[in-house]
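Here the structure is laid out as structure tokens; the discussion comes afterwards.
To keep things simple, chains are lettered A, B and C as they appear, and every chain counts its residues starting from 1.
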Amino acid sequence: MEMISALIVMGALCLSGGLALAWAARKFAGNENALVVQIEELLPQTQCAQCGYPGCKPYAEAIVAGEADINQCQPGGERVVKALGQLLGADYRPPAKVAEKPMVAFIREAECIGCTLCIKACPVDCIIGAPKQMHTVITADCTGCTLCIPPCPVNCIDMEMLPPRWQPERP
Amino acid sequence: MEKELKPIKQGPAVHGKSQLQLLMLKVVLALSPALIWAFYVFGWAAFIALMLTCVSGFVFEWVALRLRSRGRTRQAYDGSGLLSCILLAMSLPPMGPWWLYVLGSFVSIVITKQLFGGLGQNVFNPAMSARVFLLLSCPAYMTAWLDPDKKAGLVDTLRYMFIDWHRESYDALTTATTLDAWRNAKLTGLPLPQPELTDMFVGSTAGSMGEVSAMLLLLGGMYLLFSGIIRWHLPAGFLAGVMLPATLFWLLGPEGTHLSPLVYLVAGSTMMGAFFIVTDPVTAPVTPHARFVFAFLIGALSYLIPAYGLYPVGLSFAVLLMNSTVPLLERLFRPRIFGR
Amino acid sequence: MMFGLAKKFDGGLKLPPNKHGAEAPSRILPIPESLTYYLTKNIKETHQCIVNIGETVLFGQSIARGLGHQPDIHAAYGGVIEAIGSKAGPYDAPEEQAVIIRTSEYKNVYKHDDKIKNKSDLLKSMGVAGMGGAAFPTGEKVQAAGAPRVWLINGVECEPMLSCDQCLMREQADKLVQAIRYLAAEIMPGRVILALESDKADAVSAMRLALGDVTDIELACLPPRYPQGGEKQLIQTLLGLEVPSGTHAAHLGILVLNVATVMAAFDALAYHLPLTHRLVTVAGQGVSAPGNVWVPIGAALKDVLDFCGYDGAATLRVTVGGPMMGRAVNSLDVAVTKGTSAILALTAADELAVYSAQPCIRCGVCTEVCPARLQPEDMYFNIRAGRLNRTRETGLMDCIACGACAYVCPSEIPLVASFLYAQQICRIEDEQKARAAYIGDLVKARDARLAARRSVRMGKSASREAAARTVDPAAMEKVDAAREKARSKIDK
């Protein structure tokens, strides 16, 4: 008799605990849109499409949808993989491609024919120019995404390396 | 400058005189008057017990460090292991079977200290955890306190410790400590003995090496306090923790059921606890407020456990219990950061 | 005037003063052969050079313009610009960009026009920066404080071995009082307090004498204690206020200037004299004639040390700045900057720190001495475990790098070095985050622009926009070629 009552009590306890957990899982389930925003905040916003998606937001959506891995953002490198891993509870893995040194676009102004095609390609609007005028890049805003290179009909855009950012040594 | 510069770039170029090894040796120095007095009171037994613990402790530590990695063995010389072993020996009975001390130092050095990651990483006080281990596994030997009046010569002592180490053969030589005797009398309803305060304070009663002379321990404690090695928070918290409940129970409890708080104040174990046990830096909290609370609770528990619990000693249990609350205390008593 | 202490600052410790050569009269360094001025700090550009190689400059001529609030740089002696390039620097990065002047006989003094009337602009163009160590731009500081409630003049100099402010107050007390009165009329503070430590008896009595029966400048003699000279600690000691975390003294309406800075600001505002020289303490067992020397900014450490009887064989470490907060240098070609308060040649007799990093025994001494009430051992533990965010929550950015914790640590753990490292990493992270947010804004602005245009053109170009943004393999090849080209350029 005692054993049966113990079984009943324990069973009831387990059941109610399970129900509570199930309810909590529904109630506090993560909001997908919020997650996309959170992930996007961690991405470098270079909009360079090197992750295989046409920008940081599409990449963030792809991660949430489970299509993309967390290590595809190239400019973000190790730092972003770590941050994403922390946010999503995923294990660390090395970035898929090693990030290049920071670069900026540079237009050889003498050769530019002023076709404005590069302006349309630049995701951050950092190329100034008007039709038939020479164009130039605002270096401080350029993210080095290289998207302006393919459209240029005369191939007058170069990528130049920036001096390396100084990094402190670990004591 | 032609010579190689020491490779530092940041941080002070100079350093104060405080050094780990020196610190440990100063604590040993502070313990030494009480130790020497214990040698005098208990004779050869105390000396052999101390040697057994320290030597085996050193060997265990060296081997454990060597097993962890080759370069670590120099850490065996930093003095922290020596200090733990001395504290352990001082809290064990001065005469007991040889394996008692070797087992104790094994638990304290290997299990409590090295298995948790070595110096600075251990959660529990090494000396106290070994003492608790021994008390639970061989209580018979842990309550046989050598009677100072019956101390034996070198040969007899060696025989008692290494060959004839049966509990029965100890019976003739041992007695109960003052506090134990009173407690047993109370439990069994016999007439209560009157503790000799002066004897307890100066140190000529039975007990562990670390309990024998409250006076000399106090002296060592004062040295530590005034040379800045320990701060007042821990000892003061502990003493307050013992004295407050002791006074309250003595005043409020029925006549004759509680010892006078004075007895606790002159007991060697109180002094040992206040100045040498709770002040173990590794297993105590870091911030001053947390330290006071930590020590206060240890003090209160170490009064309450023997008074109302099953075991005659409370200090070691109280220390282990409070050790486990250190992270919590540190979190609760984190100082407010400047300007926040 | 007597001064009641509001409150002692938290933590801190008594250090042996070791002020060798403090009593000796100041000397003047002979004109060095070359002068070096840094244009970068940790490789980040702070100044823009405005002279060319081969150009002749006059004494006091501006040679580099400060970016942002950074004060300009002026030649301390006339000469010819010899080089503009990498040079061993006193900061964390091993090399910095610098302008090097070969000094010559030119005695002519450059005349600055006096069109600038705004005092903070004038301070910037006369190159005045904090001379207590951090070289914070004085113009910016004065501007931020507005008309301060309290103006503290910091002559505390709590670091061991340093005595340049003490020497300055002793030898130029009258000028200092004059400077304070002049500047007080300019910035109109509610209260003026000159603070120094009581163990510098000569400076105290010189200042007492110079102040005479002046009552509007209060003199505060504080019992010596490290790091009392820290801005936040001084404010806490004198006024009982805590500067809120993450802000400056200006937030409380308080202006703190070091005594040498006050003198430089006076010269700049009253006489239009740029900051070109400073008093530097040369000390340590590695020099035979320790003391204070007037040094042109830009002089190499080697020149200054040799002037004071440098013993290269005995010296094990040379630091720029005091023994606690200064930094050890790897080369004696490093030049004196505006913030260089001392050059120390330390030998084995100076109790050098070795940072053997033994296990932390949680002794808590570091917590006790920390003036910012931090828990260094906990922060160190978290940094080692790579938990930078946790470390930030527990006050990493509130650490003033005073070094008290590392000085007392019995396990000789490199606490300060790891805090500075972690702070740098955090700053870089912040910068990256801020930049990402900025770029994000640019993208949003562009999207808004496109949307606006699209609504005008009624969707005609929408498909073209989309085409421009998709990535096709042929285009990627072109990109790769451009990258290749850029990389090969760097390799060359």
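The working rule: contacts are C-beta pairs under 8 Å (C-beta built on N, C-alpha and C of every residue); 3 or more make two chains touch, one makes a residue touch a chain.
The structure displayed is predicted, hence computed values, not measured ones.
Taking the CA centroid of subunit C as reference, the farthest chain centroid is that of B. Among the chains in view, C has its Cα centre nearest the centre of the complete protein Cα set.
Between the CA-based centres of subunit A and subunit C the separation comes to 37 Å, rounded to the whole angstrom.
Once the centre of each chain is set as its mean CA position, subunit A and subunit B turn out to be 57 Å apart. One inter-chain figure worth recording: subunit B and subunit C are separated by 50 Å, centre to centre, where each centre is the mean of the chain's CA atoms. Among the residues of subunit A, those touching two or more other chains are numbered 171.
For subunit B, residues touching at least two other chains, in rising order: 10. Among the residues of subunit C, those in touch with two or more other chains are 92, 414, 417, 420-421.
The residues of subunit C lying in touch with subunit A in their complex are 42-44, 92-93, 414, 417-418, 420-421, 424-425, 428-429, 432, 435-437, 439-440, 442-443, 445-446, 449, 464-465, 468-471, 474-476, 478-479, 482-483, 485-487, 489-490.
Interface residues of subunit A facing subunit C in the complex, by the touch rule stated above, are 40-41, 43-47, 49, 54-56, 79, 100-101, 103, 120-121, 123-126, 141, 143, 146-147, 149-151, 155, 157-161, 163-171. In the complex of the two chains, the subunit B residues touching subunit C come out as 1-3, 5-6, 8-20, 22-23, 75, 78, 80, 118-121, 231, 281-282, 284, 286-288, 291, 330, 334-340. Within the complex formed with subunit B, the residues of subunit C that make contact are 10, 92, 160, 232, 242-247, 312-313, 315-319, 323-328, 330, 332, 344, 346, 350-355, 358-365, 367-368, 371-375, 377-378, 394-395, 398, 401, 403, 406-412, 414-417, 420-421.
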